[in-house]
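Chain naming follows the written order as A, B, C and D, and within any one chain the residues start at number 1.
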Amino acid sequence: MKIFKQIGIAGLLVLTSVPGYSEIDFTGSWTPLFHEDYPERFPGPELGDYMGIPVNAAGRLRGDSYDADRISMVSQYECRPHGSDYNMRGSANLRISRDLDPVTQAPVAFHTFIGFQSAQRTIWLDGRPHPPEYADHSWAGFSTGVWDGNMLNITTTHLKEYYIRRNGVPRSDQAVVTEHWTRHGNYLTVIVVINDPVFLTEPLVRSENWIYDPGQEILPSNCEPAPEVPNPPGVITPHHLPGTNPFLHEVADWYGIPYDAVRGGAETMRPEYRKVMGKPEHVPEKCERYCDCGKDAGACNLH
Amino acid sequence: MQSTIKRAIWVAVAAVGALSAQQAPPAELHVLPVQGNIYMLVGAGGNITLQIGKQGVLMVDTGLAANAAAVYAEVKKLTNLPIRYIINTHVHPDHVGGNEGLAKLIPPNRAQPLSIIANENVLNRMIKPRPDGTTQQFGLPTDEYYLPFKALNYNGEAVIIYHELNAHTDGDSVILFRGSDVVSTGDIFTPDAYPFIDVAQGGSVEGELKALTHILELTVPAKTEEGGTLVIPGHGRLCEETDVAEFRDMMAIVRDRIQDGIKKKKTLAQIKADKPTLDYDTEYYRQGAFVTPDMFVEAVYKSLTGGK
Amino acid sequence: MKWRAAILAAGVCGWLVSAAGQQPQQNFDNVKIQVTPVQKNIYMLFGAGGNVTVQGGKDGVLLIDTEFEPLVPKLMAEIKKLSDGPIQYIINTHVHGDHVGGNDAFYKLIPKNPQLPLNIIAHANVLNRLTAPGPNGAPGTSTAEHPGFPEDEYDTPYKDFYYNGEPIFIYHEPNAHTDGDSVILFRGSDVVTTGDIFTPDSYPFIDIARGGSVKGEIDALDHILELTVPADHQEGGTYVIPGHGRVCDEADVVEFRDMVVIVKDRVQDLIKKGKTLDQVKASKPTEDYDTEYGANGADRFVEAVYKSLSGK
Amino acid sequence: MRRILFAILIVGAVPALTFAQGGRGGGRGGPPPQGKAGAPVDLSGYWVSPIFEDYRWRMFTPLKGDAASVPINDAARKIVDAWDPAKDEAAGEQCKAYGAAGIMRVPGRLHITWQDDNTLKIETDAGTQTRLFHFTGQAPKEGEPSWQGYSAAKWEVTALPGGPAGVGLGMLPRQGTKSRTLDVVTTQLRPGYLRKNGVPYGANTTLTEYYDHWSEPSGQEWFTVTTVVTDPEYLAIPFVTTTDFKKEPDGSKFNPRPCTAR
């Protein structure tokens, strides 16, 4: 009898309700796992490290010319959040919430909030079109998501120019980013594919993992850019003139890597490159920088 | 590679239905509501800024001559109120070209006569005979100014017109709509193309940089360096302060590189050979764009060396 | 009504000359707070002392100047009627007690919220003077005992930020009424708050002892005229909230600026003729303005102009 | 009266059951088909792994002592500091970095084929290793530990994370999501290296992998494997990485080569 009753209730519900939505629910708080590129992602990348980026000549020279003083001297850079493509590999925690249509209860959008510079983002699930090409761009860009089974495929346009790596390798405002989100138990896997005709010779694919970590208090950041002092005659934008950046060889020498590999580019990223990549100029005896990042699931210290 | 990426992007965007925007033929006009009283009219040549309020219509720039009728029709779709003001940011034909046609199309209004505002240098250049010997009769600036700035209150907000000295030309105006919180820059700022520094008509790289810095002073972003004051460029998409900052930094960096070359006694040819814009060409030079990297380098070089 | 308020204000202001920075012994029990809607986000509050500017909107509340400590509860009550948002900004236009007197009391009354911290902004010279050592080496008052002192000071030509959906520009006007004057432009609401650089019903109090000068005063008034844009027929458009007195627009500032320039020229001329301060006063260079701006302030004004021009 | 009501309820129940099963399984009724027949995506073919992330640690044999990013413990740290490739060679253990927990991170190419209807085979050119994914659903037979261990695979039947999969008031029977993920659990592993410079994993390691197939807007096929290495012996927490593989038109670049210890 009892069983019948339960099944019966279910049956009535099936008969009387619209079919359920069969998507993965990403909502909740997540903590990033830094089991790849921890030193780059937390303390920050080494200068001149373009490894793993299919960067073109333009992007490489931008990196060579980059001077981090720009962030302190040009106030427009001070309170920037990360671009939404970089944010998923950033170092702050993530909260995902979901909008439902008040009438149909159908999912309308996912919202993500990341504490660093209060980066907020909306991923529309209701099939709306992207804005026209001459519309304003933003750090988060304009994102729409389409389900394919248990994977959410996201397309983002209208991004502001930002960095692919925080050592000055840029990602342009013409880039189109596609993402693939999927969830396995308590792991969220986010695959980010950056198509940038301006700075990349082929798509850049990076994938990050987050672990479900409910009950976090993720606070906003209150950053007010310093007042823009009218620039002195002859505008100052800190940068290294071509061929004058003294730091470009550091990463190769510190880690015993051939300089050509450090310079990045699609050809350096194929397995067969190992055969032709040549010898490093200098190889340390043993690891001296960031050797224990993440030991005992701990933080990333230089020594 | 490039083309496959372009295709990839096209597919991606098409896939989410922005098809029309992507395929739009250039001649077709689009209207983008910006904020407050301001609309951006795209496709007539240079971008046209429209301020529409209870009193009437103020437009910044008029596009190419050929599109004047289409522009007028587009404005009429938005409002029946009269066009009271036209402000020209500078003298180039893709920004003043529509003046003549519009001046003829706009019905005479004795209560609110059409007033065409521009820096006096724009007028001085427009009254010169055209190549064909004729001179322009209609649509010349009627209300030219020569002071550092001119202010008016229209449609319930303060509109400030700043003269930017020797920037893109010698007659550039940047317009601030104070209530709507929008800045219209003319060709001093073009987010996806190198600036055309018209040295022959009084432009200079230092003036460009000063003007861009002034625009940065006028813009105030909302939280996290985003939103707040919106910026309508001479060509290209709607922008904000950080977009102007990127552009300003490009200008400053290229200027420094060329200055360095000049210090090292390099000739223009040698400096061009150094490709001082290599890392910006993919961003600011599209096939068929008006200003080629070499033109830009040459303009900066001449501006820095005093035309030599 | 407003007229009486203005006189009272002028009186308080005058009374303060000897005691700027101190709390007056005056009884405020019967003072009522008048609330005047100005334009868009902006309201003007007045009880006694300087005018208070209130900007309220979706983000919260911004205040300019705080009058006197005893009035703060009354001001708070009125502000709460206008907006229940948090008070996140207090800006002081200058150092005088009838403009900063309520800072501490506001600081104590405003609930602390680490996510929405209270920013108290003024030009650096305001903070410097508030914390400066007293006469004959008495130790300066510390920000520890005065949490309401403007510790978010700025020392650049201007500071801008975005609040309640509009850009706000704070301009430093060098050596005008004092050496720490700020003029605030609410660009979206189209309202300018001038502090005591502009007081439509009384002669400007050029506080030479605190770095004021007649030249700076005139430059500041000219700058205010650059910021204001009238609507049709030279009225309306940008509204101006003076340090004391009624809500004004550009035309009122023009009148005031012209008065200051004319009096300055007259005094300058007399100085050229080698007249002493007493002789200058005796020649009544402000006679034609005294009925408008109050004879009681004339001598002080003339004296300030004289000293400022002669450097004596 | 009561009887009639039950009758209605049962009628109502039928779609509920099948609907639920259909969603949770994929086939209507009975367990979802596994192996080749049940494959929701085609992983067969040649694949290459371009090195986008962990470049320093994957493309090169990292400097001795470099365990950055791996949540190792003190026991592991001792082994890392004692790493000596010569010893491994002498012991004939050049393949320690090519075991199941490390192989997918070694730069190289994969050849994926169906060995039979219930066995998916992955051959690597780097170290010429072979992994067999068994869809039989049976528990692994006790066997000798090996570099590649025993891998039990299944097509994920429902991607609903946690929570009761049951039926309750106010909710529909969970339909689940048509999953496209391949789940693989590998045990019986011979101790090896997560990285070539001797960052170890132990004999009790359980390797859980999730294979997700996706495509670029251009149509280019990829799969990303999320690898969770659980090793109570040497890891403070599970070591989680994702490795991306790009489909190649043919095997022309598939270049088998032996393991190396250096």
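Heads up, the rule we're going with is that a residue touches a chain if its C-beta (ideal position, glycine included) is under 8 Å from a C-beta of that chain, and two chains touch if they have at least 3 such contacts.
The structure displayed is predicted, hence computed values, not measured ones.
J.: What's the fewest number of moves from chain C to chain D, given that each move must go to a chain touching the current one?
T.: Between chain C and chain D, the shortest chain-hopping route counts 2.
J.: Averaging each chain's C-alpha atoms to get its centre, pick out the one most distant from chain B.
T.: Chain centre farthest from chain B's centre: D.
J.: Which chain, with its centre taken as the mean C-alpha position, is closest to the global C-alpha centre?
T.: A
J.: Please state whether B-C or A-C has more C-beta contact pairs across its interface.
T.: B-C
J.: In whole angstrom, what separates the CA-based centres of chain B and chain C?
T.: Centres of chain B and chain C (C-alpha means) sit 40 Å apart.
J.: Please work out the Cα centroid separation of chain B and chain D, and write it as a whole number of Å.
T.: Here the centre of chain D sits 55 Å away from the centre of chain B.
J.: State, to the nearest whole Å, the distance from the C-alpha centre of chain A to the C-alpha centre of chain C.
T.: Roughly 48 Å separates the two chain centres.
J.: Between chain A and chain B, what is the gap in Å from one C-alpha centre to the other?
T.: The mean C-alpha positions of chain A and chain B differ by 33 Å.
J.: Would you pick out the residues of chain C that each touch at least 2 other chains?
T.: 160-161
J.: Multi-chain contacts in chain A: which residues touch at least two other chains?
T.: In chain A, 155, 176, 178, 195, 203, 228, 230 touch at least two other chains.
J.: Please list all residues of chain B that touch 2 or more other chains.
T.: 8-9, 12, 15, 221, 223
J.: Spell out the residues on chain B that touch chain C in their complex, using ranges where they run on.
T.: Per the stated touch rule, the residues are 149, 151-153, 156-160, 178-179, 181, 220-223, 228-229.
J.: Chain A touches which residues of chain D in the complex?
T.: 6, 8-17, 19-20, 23, 40, 48-56, 59-60, 62-74, 77, 107-109, 126, 156, 159-162, 167, 169, 171-181, 183, 210, 212, 214, 216-217, 222, 224, 226, 228, 236-237, 239-244, 246, 253, 255
J.: Which of the residues in chain A end up touching chain D in this complex?
T.: My answer: residues 4-15, 17, 19-20, 22-25, 33-39, 51-53, 148-151, 153, 155, 176, 178, 180, 182-187, 189, 191, 193, 195, 203-209, 211, 255-257, 261, 266, 269-274, 277, 283-288, 290-297, 300.
J.: Provide the residue numbers of chain C that touch chain A in the complex, in ascending order.
T.: Touch residues, chain C against chain A: 115-117, 154, 156-161.
J.: Can you check the complex and tell me which residues of chain B touch chain A?
T.: Going through chain B, the ones touching chain A are 1-2, 5-6, 8-9, 12-13, 15-18, 20-22, 24, 30, 32, 40, 42, 191-192, 206, 209-210, 212-213, 216-217, 221, 223-227, 230, 236-246, 248-249, 251-253, 256-257, 260, 274, 276, 278-283.
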